[in-house]
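Several structures are given next for inspection.
Here come two complexes built around subunit A, the first alongside subunit B, the second alongside subunit C.
After this line comes the complex of A and B, so read on.
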């Protein structure tokens, strides 16, 4: 059945898997057919006719678009005949009728398929002398994307992407014929978490981003391949810089992971690298004020402090490479006799499902599954490209069962969406599970890939276990554990033991801690345990922060060491959600005296004359993967092999030892939005405002029960007061009030107690809008 | 802004006729047009909520088809056929008469909102060419003289309803075949979703 198909292209026989498009089969055999509209990851439309080739038919040779023609056995194809060339010239002459001929002032020039293909396949001259059509030059179609309709060649890549892939079709062709243009509906901007992808796949300079527009010319760019550390999906990316400044990030097509796509946060959350507010020199607090100092001075202070105190604790962020985790682990082992434990800057960390009897899923298993089950944080907000992969699985025929209440963004494509009657307000699963129609039809005895994680920090571990044990018993189950912070999967296998922020807030205080290292973490700004943590940290005598910026947490430090970012400022490795380890690479220098975390730790160890200090990145890299089979070790030598650029999968031992969360009775559903109010977003100019709005959400009936008479309201509890907008979201179930804890100050409430919601009549609130 | 209950009820009836809500877009846009004389952005928002596709997708559909109007038309929409059969039978003269009488160019509406003129592709009355439509009611076998009379009549009498048969009687000439196929079953009938919209005669 699955035998290869033989076709003859330009006199040479090539073999291809069946059911392929002609353009794809040729591409796979190294024969390039020019194209504008066809894109490997989108459905073909045959819009542009640039891919015309001649095939032999019973009625003689015929021109057909190779992007909409399936290959058949013994097909005879000519991609270079005179007729084909004439067709290509004709298509280009037509496309250029209305396209401005001003490449020197176009942002795409130098990497423009239209420019390149006009050079290679164009007629060289145009017979068109009339006036070209005109549109207002670039119009903003969202806060971050601009559209120049004069340059658009109507290939429908952007519109297909937003419809087929990201599922938010907010741009479309308007009008027809010569008047056709891409546009949005009036006052309904192209507000998509994935809009940057359309800029990347637009074959001309019609779509540009506010971030990169006119910043550089492609021939001035330096580039390197790396991995996005924005979330555990770990999208493969290409970093671009010019004159030592990072300017752009592009998605790279890694079939196992992101398939070329990225989310906009991953794409644009790098601009902070060039922020004037970046820390560039080490700081030491003297009489309550930070003063500049030298690394050496800090080393000698710390040497003294660490010699006299051995109660040392570590709170680590997740924008840390595996090598750096290893260096902290080694360092900690030398300071204390016991097994060190590390607190990870994550509210939702829990034990997960990693036992031996669990089959762990790969992302691509979503495509093989009969049924995909999701019960986790909102994927679209927290693991955006995984959300795209779930959409893809459904498009390819998988059934989707979603358990509430967090993934309401999947409501539209879910076959069964269980909320209210199955899942309580506190995210406990009821006993009706085996009786549910969807479960009977699509789970029992099926191949199920389940994306499982905590929906909210207050959810009891037990309630997730209940679902998993059912699935395990009645289906052929693979689990993709959904944790959502940066390189947290790297932490799982490199650190000897890890705990979460709830543990941190309960366990770490001045009674048992003399020295606290806080590395790239701002729990006070983002955690729901913020208040407790702040109190505890304040009392600790020696707080050493390694960070990019001063923020709510690092400002409590006695020392701050400026560090380099995982985006282009250092080398290392990253482990993603399916335990695929890939390369993080360096492209630009770090500002001022900023150091990598491992450089700082290794320098400190040397200063303290600790034994067996590992002081090279290569050695840390090797140390990180001790015990794995040589061929699958994600050491630099292996990762740099062409066949391993997409990363290497491994089975790692996972060391999570969070204490059991038995659930908290909470009237609110708290969760994170993609854009938050953290420092790196705030200092990335093009997206800085996207995480600023403070709001809460509920459905209409829930809102009306509150009798507010206003969408502006005030949340208050004790001395915490936050003005918010009340937004209607009909996808939420009755009684659920969503509070985004990564918007400013919304994490400062005690969610186990009542928060009062009153109309906000203050002047400031009324003046808005 | 939204639709009145009766209109919404009619919309829901149309939607119920299709296995997928979005398939009802065609007749729903006509319903919107029957309300305002054109497809307003407000109506698009209403339909978007009813069928669950985005507003811009509806805008895309409605702007693709020239019979979905993007702006309000005059009380009388004069659509003169310019396609081949009519062209051969001197539709240019008919067009000239209409243009002269109304003072309008193609796709223009007069200040008083009385007439909109458009030259359109084949309206399916080739056998009775040259032909035109007033508010989509067809008159065939026109002569320049009768066309002028028709225009004058509209302007003078300001009829609330125009019906094909009556205009044909008074101003038409040779007619190819009967309009409005009476057998609505099978493939010759109109699409079920559109049947609910009824013909001008049935509505009045």
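After this line comes the complex of A and C, so read on.
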């Protein structure tokens, strides 16, 4: 079965793995067949007819589309015969007769498959003298995507992507024949978390994005390959800039990770880099007012402070490279003899499952598994590309079992979806687990790949362990620990000990902390421990913030150091959810005096004469991977080898030591939406509105029990009052109310106490007027 | 030349109420089905169909017995009756649906018995409102009588029949597009391979797709044996066929005849000659997709093979007569317009090419043609159907695009002078 297939192409014999499409087999052997509709990651449809080739059949030579023809042994193929050339030229002429000649103003021109293939395979001149087909020029089909139907060649790549890959088929063909067009349904915009992929795979300039439209010409672009640090999936990406401005991010096809796809947040959350509000010079708070100062001034202040105070703590964000984590670790070690205290800005962080007897999964293991089990926070909102990979696994035949209320976005494709009757409101698993049909049929004795994480910050660690120990006992289990913030996996192996935000809110206060470093973290603006942390930080004498912007947390700092963004402004490495380490690279300069976190720490160390050998990025890079075998060390030299561009897998020792969470009784189910109200999204104007709406979700019967007569209501607790919209979500169970805590002010409640929901009379009154 | 009435016998003898179940049963309706289900074996039925040598009446003329034999094994298999009769010039299925729906249902019962099928669908074109109503009523009557549903005729066989209406697309007559439409998708032909209906058909299950006339013939064949049916007509084109005669003819209409006589005889006797005593300039032997024959080719025999040997097709049995006064360029243009309008839009050559051909023909027909237009027409045709041969080669998934090429190649092969005469020799200022 696995023997290679021999086929003859243009008189030359080529070998290929079996079960391949002719177009792929030829491509692998360096024979390019032109195409528009065929895409490696989408099901073939054979619509554009550009890839027609001739094959020998018992009835003579036949024209067949190479994208829908499977290779068979001894197949004889001609990709260059006169008939083939004529057919290809004909198809191109047909495509061009109604294609507008607006290449001079088209974003795609210069990297356009239609342009390129017309040059290579097309007719020299036009014989079409009639009027071309006309449509209204670009129409917005969502906040971030525009559609120009005149340019569309109806290849169905976008419609197939939305249907097959992302599972939100919001764009479709309408009309037929010569009038066929791609469009959205009435009053239903293309509101997909993955819509940017359709712009990337559009073979013409029909789909464009608001953020890149008319910004640059492809031949002016500089580009570099990097890794998205938005979530631990770590998608391989290409950054594009022109005139030192970041303008576009593209997905790179990394078979192990993102397979070319990205989520829209990863793709469009970059405009903040050029925001006028970026910090460009160091600030020092004097008499309650920030004043510009110099780095050197800050160094000398900190030198003084650190020499006189021993209690130093660090709250680190997760948009930090591994090298920078190492710099903080090395720096902290020199300050005191005690174990340094690092807190990670993640309210869902817990110890996870990294023990020796646990088999850790790779993302690709999803494809090999009999059954995929998911019990974590909402994958679609928090690890979007992993959500795509789960969809892919199901499409390839894996069974999907989902636990809990949080992953309702997987309801449509799940074989078993266990909520109310199995999982309590507080995410505790019942005793009925072994008796469940899905468990009996598809977990016991099966190859299971489980995506396991906390569904909500209030979930008891014990309840997760209960499921995992069952799975471990009765199935051949591989675990993918689902943490969802940035480079948190990098922190796991570079920092000597790690605690979470809950620990931070309980442990760190002015009594035990003299100096607090807050690096790229806004727990007051984003986390559920907002109030507590605000209270604690306020009283700490020396708060040093390293950040891109002034926000709710950094404004409490005594010093703010402007830093470079992990997105295209610095170099380093990133470790993803399967412990694959890949390169983060630099493309654009940092604004003003902004510098990398490690540069600041290295400078400070030198100023203080700490003698900790963190003078260069290379030193830090090597330090980060001490103890690994030379071959698989993700040091720059290794990562830059062509074979390692997709990253290097390693087994790391993980140092998480969070306190056990025994669970909190909470009437609400809190979680994060993909787009939130964090500073970077707020200052990326293309997507800023997407994370602005304040709302809560519940199903219809829950809503009716609350006696609300409009879609507006008021959440209130003590002095906190937040007006929100009510959104019906029938996928939620009865009695469950979802509060997205990354929307503005929705994290300001004490979730262990009652929050009252009342009709918002003021808003209702306004509506009447 | 006389008609031979097998399928239309019942409707002819009961012109007012042949569609009612009581009337149908009075003419011995459903007796065959009942007898077959209670006494015969599926193998026996298949044997009769094979013996009859009946070939599909939808257009392609594939031997029905062999088609049934190809149906892949599966627990779930379907029968789909293609009643999406939309080929311009064809109106034979209409009378079968409208005036003898029970004959079709009886055919369905026997077919499903033979092929071990429990679910059948009748896909009727949306414009056939009255036929659809009649079929729907007939299905309901059959359910009431216990001829459909659970344990039909008291046997242990179940059969459900669903009537489904199209939404006005010619392409849904193409069997795989029909299946897409039936599943609620866009009516677009599927790729073959891999989606051959007999293997991966409706809902990806093995599916038999047969024409109304084919299945309506089944009760007669099974009742009178395949050997008797095989005696009718000629070898290769056995049995009777309902031809839809239209165009410049004195008595247009549906005629059920044995295959084998010539088109000329058909036109003269049953059609009572060309209107106003004119000569035939050209005629279409098998529906709008078929290449035309000239008026001097009326001696061609009305059999599937004879027509095919003359580079056209008997297709759906629609004979369209064009007399000597016909503007053939306009005729070709209206056929091409039809196909351009009905293209599903999947394949580039068909979507763009048919409309372009329409534009060029429009220009030529209205006297604004260019001398280069004849070559251009032929070259555009060649890009849709390489080589312009018959049967057509295709750059498309289904034959709709190449169908639009047929009238143009006929025009250019046989009536090129007429096209050239419409093109001004010099530019008029």
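Everything that follows uses one rule, which is that the second predicted complex is superposed on the first by the 762 of 769 C-alpha atoms of A that agree within 3 Å, B and C clash if a C-alpha of one lies under 4 Å from a C-alpha of the other, contacts with A are read in each partner's own complex, and residues count from 1 in each chain.
The working rule: contacts are C-beta pairs under 8 Å (C-beta built on N, C-alpha and C of every residue); 3 or more make two chains touch, one makes a residue touch a chain.
On a predicted model such as this, the values are computed, not experimentally measured, just so you know.
With the two structures aligned on subunit A, subunit B clashes with subunit C. A count of residues in subunit A touched by subunit B and by subunit C gives the higher number to C.
Once chain A of one complex is fitted onto chain A of the other, the partner contacts of A:173 extend to both subunit B and subunit C. Of the two partner chains, subunit B is the only one touched by A:188; subunit C is not.
Two complexes overlaid on chain A leave one subunit B stretch from 8-16, 44-52, 152-160 or 188-196 clashing with subunit C, and it is 188-196.
Within subunit A, the residues touching subunit B in one complex and subunit C in the other are 173, 175-176.
Taken in their complex, subunit A has these residues touching subunit C: 44-50, 52, 62-63, 68, 70, 83, 86-87, 89-91, 93-95, 97-98, 127-128, 130, 153-154, 173, 175-180. Contact residues on subunit A toward subunit B in their complex (touch as defined above): 163, 168-176, 183-186, 188, 412.
Those residues of subunit C that touch subunit A in the shared complex are 169, 171, 186-187, 191, 193, 340-349, 351-356, 359, 376, 380, 382-384, 386-387, 393-397. Listed in rising order, the residues of subunit B touching subunit A in the complex are 41, 44, 52-57, 59-60, 63-64.
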